[in-house]
Amino acid sequence: MISQQLEQLLKAYKEGRMNLEMTITGIKNKLKEEDLGFAKIDHQRTLRNGFPEVIFGQGKSTKQVVSIVASLVSVGSTVLVTRTSEDVYKVLSSKYPNCEFNELAKTIVLPAGEIKPTGGKVAVLSAGTADLPVAEEASVTAEVMGNQVEKIYDVGVAGIHRLFNRLDQICKADVVIAVAGMEGALASVTAGLIDKPVIAVPTSIGYGANFGGLAALLAMLNSCATGIGVVNIDNGFGAAALATKIINLKKNNKNQ
Amino acid sequence: MISQQLEQLLKAYKEGRMNLEMTITGIKNKLKEEDLGFAKIDHQRTLRNGFPEVIFGQGKSTKQVVSIVASLVSVGSTVLVTRTSEDVYKVLSSKYPNCEFNELAKTIVLPAGEIKPTGGKVAVLSAGTADLPVAEEASVTAEVMGNQVEKIYDVGVAGIHRLFNRLDQICKADVVIAVAGMEGALASVTAGLIDKPVIAVPTSIGYGANFGGLAALLAMLNSCATGIGVVNIDNGFGAAALATKIINLKKNNKNQ
Amino acid sequence: MISQQLEQLLKAYKEGRMNLEMTITGIKNKLKEEDLGFAKIDHQRTLRNGFPEVIFGQGKSTKQVVSIVASLVSVGSTVLVTRTSEDVYKVLSSKYPNCEFNELAKTIVLPAGEIKPTGGKVAVLSAGTADLPVAEEASVTAEVMGNQVEKIYDVGVAGIHRLFNRLDQICKADVVIAVAGMEGALASVTAGLIDKPVIAVPTSIGYGANFGGLAALLAMLNSCATGIGVVNIDNGFGAAALATKIINLKKNNKNQ
Amino acid sequence: MISQQLEQLLKAYKEGRMNLEMTITGIKNKLKEEDLGFAKIDHQRTLRNGFPEVIFGQGKSTKQVVSIVASLVSVGSTVLVTRTSEDVYKVLSSKYPNCEFNELAKTIVLPAGEIKPTGGKVAVLSAGTADLPVAEEASVTAEVMGNQVEKIYDVGVAGIHRLFNRLDQICKADVVIAVAGMEGALASVTAGLIDKPVIAVPTSIGYGANFGGLAALLAMLNSCATGIGVVNIDNGFGAAALATKIINLKKNNKNQ
Amino acid sequence: MISQQLEQLLKAYKEGRMNLEMTITGIKNKLKEEDLGFAKIDHQRTLRNGFPEVIFGQGKSTKQVVSIVASLVSVGSTVLVTRTSEDVYKVLSSKYPNCEFNELAKTIVLPAGEIKPTGGKVAVLSAGTADLPVAEEASVTAEVMGNQVEKIYDVGVAGIHRLFNRLDQICKADVVIAVAGMEGALASVTAGLIDKPVIAVPTSIGYGANFGGLAALLAMLNSCATGIGVVNIDNGFGAAALATKIINLKKNNKNQ
Amino acid sequence: MISQQLEQLLKAYKEGRMNLEMTITGIKNKLKEEDLGFAKIDHQRTLRNGFPEVIFGQGKSTKQVVSIVASLVSVGSTVLVTRTSEDVYKVLSSKYPNCEFNELAKTIVLPAGEIKPTGGKVAVLSAGTADLPVAEEASVTAEVMGNQVEKIYDVGVAGIHRLFNRLDQICKADVVIAVAGMEGALASVTAGLIDKPVIAVPTSIGYGANFGGLAALLAMLNSCATGIGVVNIDNGFGAAALATKIINLKKNNKNQ
Amino acid sequence: MISQQLEQLLKAYKEGRMNLEMTITGIKNKLKEEDLGFAKIDHQRTLRNGFPEVIFGQGKSTKQVVSIVASLVSVGSTVLVTRTSEDVYKVLSSKYPNCEFNELAKTIVLPAGEIKPTGGKVAVLSAGTADLPVAEEASVTAEVMGNQVEKIYDVGVAGIHRLFNRLDQICKADVVIAVAGMEGALASVTAGLIDKPVIAVPTSIGYGANFGGLAALLAMLNSCATGIGVVNIDNGFGAAALATKIINLKKNNKNQ
Amino acid sequence: MISQQLEQLLKAYKEGRMNLEMTITGIKNKLKEEDLGFAKIDHQRTLRNGFPEVIFGQGKSTKQVVSIVASLVSVGSTVLVTRTSEDVYKVLSSKYPNCEFNELAKTIVLPAGEIKPTGGKVAVLSAGTADLPVAEEASVTAEVMGNQVEKIYDVGVAGIHRLFNRLDQICKADVVIAVAGMEGALASVTAGLIDKPVIAVPTSIGYGANFGGLAALLAMLNSCATGIGVVNIDNGFGAAALATKIINLKKNNKNQ
């Protein structure tokens, strides 16, 4: 069935109904589409997004994760597993000894060759100690996607001198990821101080009227500062992926 | 009926079943209790709280407000009307020419003699231009209750240098009232910079995911800084009343 | 007082405690700080952000808007007034005949000289006719900030062929702004099709369980596609400002 | 008491006060009503709805489930247990060796004779791997109710080509069940592409601002596409039951 | 440009890459696509959905509505305008004297030739007098889409005998639309009594803890009865459109 | 200190400042007030309310419960422990062999002499099997407070004939307690059928958009039937206590 | 059709399938059922509930109200219109000069003969001046239903001596209705002081985090005092109707 | 790096660009700043706030807590660990035998020398037994910060005589902390009785419509009494810290 579809794709290209780029994407999709029974893996995402393969580990059994990893490794992708556990790591590391577990971020990285640098720099800011798991998820993701990462942790606004002490470093980044729970004010204060895009990540850190991160989320959406894009609560991965897409704009420009 | 109750109060005091302070309060309550049909006015509040009489104007007809004012003025109280309108002012000013209308705060003050100073200083901070009505309600209230008021407006965290330029003034206050809508970060940043109690007033200013002030309210309740007490959304009056109770502690202490 | 502060700034620079950029910003702040009584205008924002001056018109009286405009025009800024009305326009246009009113977006632009192009292209997508006011606010803002704008309206996912018919145009943009109310699916579908950053703007369009834009907001935050940054409900201005900050990264890179 | 009620029912029919259909239902109700102490089992539901007996397992002890199953099996019903566990299955399978456990769906089916086919086809779509438990509950239910089921899993809108690759299959179904968590856009996109009724099942899959499925639920209710009926979050069973009622319309029509 | 696309569509069909039905739809789309500047009208929807053209009037100016109507009438469509006003009707009726305004439903119908009957019957139930506008919107829509409509109004569960008095009529319908505000129990009770699919429409009728229809919406989603699909609050139109899609299944079957 | 207070109470009575009833209550309060360190037990509640002593077990340690029970038993009260566990029962029963554990309701009753009958009858209705724990808590409470209890379980509105089959019994009760989760329609339907006060108890039974009982709670508050008073979610105890207060009105009347 | 139904009812009774009471109700229903086109008026409610006829005026046009009133007056009912306006009153009073308008409560009463006293007393408490409209709705309703009403207004807990001053009166009531907005504490405090059932009516009075009465509603549902039944926000009518049902228990008892 | 920064600070002071107070703070910050890898400990907070060092234990591993404690003890601070566990206590007490664990409050205190008294008195009120953990957290914190603490527990408003019995004690405090779950009325009633500032702490105690403390939180924010500042749900620590800042005002005043 797939060869038939390929034939059509090529014909379509030859007859001018499809442009070069889309034909290539199409061919890649066809070649790589596999059905593991429980999930269709998007091998082509790597090529389309310039990203490694990412497995969202939450809600998947160890067996499922191992099976998807095997499929991805077989085609030579760097693999990032997020929201996973030490148990999964133990199983994977027996098979892939070079895989790396980040205990805070709960991520596993299986590198495949050199990571192609984006040439961009991402500053990952976090407000408090308790925000570190999310900040680390953002940092690991940004690194594995080829960015230089500057970690600027524990700079919450209750002691604002800590943020100011690090302003020089922050200003040198292309994109800033501001990770904060509780009242989430870090995003507003940072965006008011610098000219770069700020990606705000509310975290579910806090208690009481925090309501699982709602307080920080609303604060970030209502920021009085401009230049802030908000991602989902605790979504360190998503923030880093967005940062990479932004930096790729700059990179592509260089090559023009 | 009232004389009978008084008799009991006095007997109770004589027989030692009631202490001096409570007997006095009781007598005042009895003497002043009047029934206007639609509201029992707490004349004794002035004495108990060291406050002027306050009429919450919202939802009351002009006629109702005028009638309550008349009752209060007759016993010599300074009167503060909040959440009122220019229409009410026009009616009142024809009768009480010295009453003052604050157009932003929508307050009317009818002074009765000198205001007894508390000896304390309240700094009222506001984040943006749109927060001014609430900030002014707090300022008017704090002044009419005998405090010295320092207005430090338009110091929102998106341009944090504006706040820092005023830090000297802020530090000299006994109590700081931080009025902010949108993400409400002003309270956290301020409380992290100073040692004084901060009363946070979320405002309903903003749009979209602000949800009528909920965003700022949650942010203030979840502040990572210590020393913040939060009042209801847009409750400038309540913030000033709390500030006055706090300052009265200090004042009473002086007299010890 | 200001001259004294300037002196300090220069000394600080001379002694190497402050870098060139921050010293310049500092000087500008000092020179331009003015107090109009109800708002401190950040003249320096233009320079810091590469943005025109923006006045958020909602909740301000015509008199207030005119007064702020006069102050800004006097220093030669291009001025953008958002969330304003035809009434304000009538007053302003009598004084500044070249100002432009966008009826849908409810914006007024007072141009001051040529707008400096960013060299970037922003595609503004909208799902339905009713989302147009927000989409237009984004478009006007993006244009006045120097971007080339491609308007791709009425491409909601209920008739997905409409979106596909415009994919070529969308792919040529540097940044995509996806404006959608109701179920807000436009952002997810678009981000799944292209490699560029997508700024999602939920709108309050809809009824019933839309809850003032909450439905679209939550959908956009929970997108299964990567590369989406969300701004506040109906915040077309904020989306365009973020897009410009992103594009400026690329532009700055060109000049390196 | 029951025989007395039956007598009345028959008299009522004879005298024309009750039509044929209602009398039959009434008799069935009376004959089968049993009181197990903790639940009255609606044996008559099978006949009224053309459905097997269904036990909602959540919150019931293994002992309770076994007791209800025994009662139902004794009258020859096919039994479907939803939201159950492997533990319950182990107990039941020792007694009823032909019962089937679906590990993903957490369902047990105890077949009783041939399932009477409805002659209809239900396509069950799911957005992501994590939505499978709910999708499988819908599939198992639809099958046990006599429908032909086409499973079209992992076709979320972030990679919309996956959905399009399966459009042919989807179009052949009478009713489509669209199961999706996160932003729930699958329902809108599908309903915009086909002419058949779409039953949307939001799932609680996701995190952060997903709020237990609220995001997907609101998105589906606010769909800009027509022809969507929404069921409760995670209610795969309810979606299949509704699909069967719809398909029975068609079937009944055939027999007219 | 369009002719070129058509050519491709035909070629695609000839070469077997596209089936008959999709090719026809494609051709229709191309032929009819028009751009009114503010909205792309989906002329092809009529053909795809067997529906008249529908204009959602809310948020559109009279001028916009009139312009869209003109475009639709020119291609011979029956037009339904929902959420409109008497003012729009006055303008339209001067131009199209045969158009019909439903004061309760706030709908306008401009008939174009005979409506093709679906052969199905829809019962529209409403709980109280105040739910009538939504019930009427459903009834008008269902009729203009070719269904026979049985209106069974004011049968709320507080006086359940009213519902039972009408059960005979209800049982004869193919699909039941249950419109209810307040506690929304009508849907559950009805679905428990009959075997047909029930489309539940929560209304925003009520006050206090009704929260704009949320109470009825949640009740309907949590129904203990099976066979209920819920649409958005106040969405009478959507309920009728879904009912029509369901009935078309039956109709198509007849023709097989 | 207590003897001094008593003296005052008696003096007050003698001098006519306190009526007989209040003096008695006062004396009881004084005599029985004990401080266990972690809770002041209201021994006088029994007398004031005609209720047994009730211990809310949730959040209290076994040790705390045993200690409070001992204190209450020592003064001869019947004791009801709600929201407790089998573990607490095991400890208590070793000391008080006649105490009774209700496994569904999670209540323990320690009877002390005959319960004084109220002479009233309470019908406790429940919608589904899963609502039984709450219904049983109401039943146990109502019984221990001296009411005759009629349990009418599993009469949810999805099979409304089950409710009608029991109407005779329901009509004989003085007060009806309607316990229901999911859509909570049982309260509305029942209140529409009978003339007696209905106390509605929403339960947290359900899933998805049930939101922990919110759906049933809102439905009950918005009932279109009159004569319903709502208590907190899962508050079977509170419903029975209210029912008893209502029945006591009737009883007191008998004695007049 | 109706005579046919009556025949059946009588036969059913004769044959013993229906008891006396239900047959009477049935006959009344049949005799009085009228269809005004937009609402079926429940004439029989009066007889069933011992209530006057009540028209919920909100959302009904003056014309609709007048039409329903005429229908009800024609059968000799006392009529209560709630949530109406002075405009409706003006129209009605021209036709029925003895009708009475309560400006605060926004109610109209059209008396028909003597109101039959229940023999019970209802105390209506309100916390503040702004709660009066709801308290008056409760008072008017309770009176028109035959109860003696004691109005105890402006006894909010911020000045708790006001409540205590009225305790004697409160204790003499059979049922207490506690009307309060803001923090709604009046219900808890009152229920803790007396032995009678308390019906709590949250009002939407307040601002900010009051969220339209949600604050008071939640407070009343979570009361730590027993014996409280809660009705919908602002539902003064519902509280009085429930009070009457409770009092009727007592009355019926007297007659036994 | 630090010595370099100090040099700058001193120079800045010498040249008059920094005042004495800020220079001292700056030097303290620099000297004490340490980086433990996962958190920057604010040693200077003690000095700035007059507080002991506080470690928020929730979400931190035992290892992390021990490491931070060691760092703090090394500089001679009194340390308070909140939201910790007996397990952490066991580890700490083996190293620091004089540390004290409060089982209810889940706090550990490691005293370092005498605590400097503030000279103020804090009354901590709690409504019920279940609120004790939060009340104890407030009490422990207030004590360790140098205040005299008066514990007035179990004085909820359902038995208001308990509160009145303790009024004398309450009146002697400078600041009152009112801890209450459920309907949270304790704060309003208390603030209405006394002249001192009341800090309201809602607790998550309760069930059902309590929604994790939301009910009490909203009640406290909407209090009809003046002089209340609200902190986050369950934030006993925050209340005590605010109380201390308030009391320090008074203390500082004494020294003037």
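Think of it as A, B, C, D, E, F, G and H in the order they're written, each chain with its own count starting at 1.
By definition in this document, a residue touches a chain if its C-beta (ideal position, glycine included) is under 8 Å from a C-beta of that chain, and two chains touch if they have at least 3 such contacts.
Just so it is clear, the structure is predicted and the values come from calculations on it, not from any experiment.
Participant: Suppose chain centres are the mean of their C-alpha atoms. Which chain sits farthest from chain D?
Facilitator: B
Participant: Have a look at where chain F meets chain G and say same if over half of the interface residue numbers show up on both copies, different if under half do.
Facilitator: Counting which numbers both chains contribute, over half are shared, so the two copies meet through the same residues.
Participant: Compute the distance, rounded to whole Å, between the mean C-alpha positions of chain B and chain D.
Facilitator: 59
Participant: From the mean C-alpha coordinate of chain B to that of chain H, what's the distance rounded to whole Å?
Facilitator: Centres of chain B and chain H (C-alpha means) sit 26 Å apart.
Participant: From the mean C-alpha coordinate of chain A to that of chain H, what's the distance rounded to whole Å?
Facilitator: Averaging C-alpha atoms per chain gives centres 38 Å apart.
Participant: Let me have the rounded angstrom distance from the C-alpha centre of chain D over to the C-alpha centre of chain H, please.
Facilitator: Inter-chain centre distance comes to 54 Å.
Participant: If a residue has to touch 2 or more other chains to count, which residues of chain G qualify?
Facilitator: In chain G, 128, 159, 208-211, 214, 217, 221-222, 226, 232-233 touch at least two other chains.
Participant: Could you pull out which chain B residues touch chain H in their complex?
Facilitator: 19, 48-51, 174-175, 195-197, 199, 217, 221-222, 226-233, 238, 241-242, 245-250, 253-254
Participant: Residues of chain E touching chain C in their complex?
Facilitator: 29, 38-40, 42, 45, 56, 58-60, 64, 202, 204, 212-214, 217, 232-235
Participant: Considering only the defined contacts, which chain D positions touch chain A in the complex?
Facilitator: Of all residues in chain D, those touching chain A are 128-130, 132, 153-154, 159, 161-162, 205, 207-211.
Participant: If you look only at chain E, which of its residues touch chain F in the complex?
Facilitator: Touch residues, chain E against chain F: 127-128, 156-160, 181-185, 188-189, 191-193, 206, 208-211, 214-216, 218-226.
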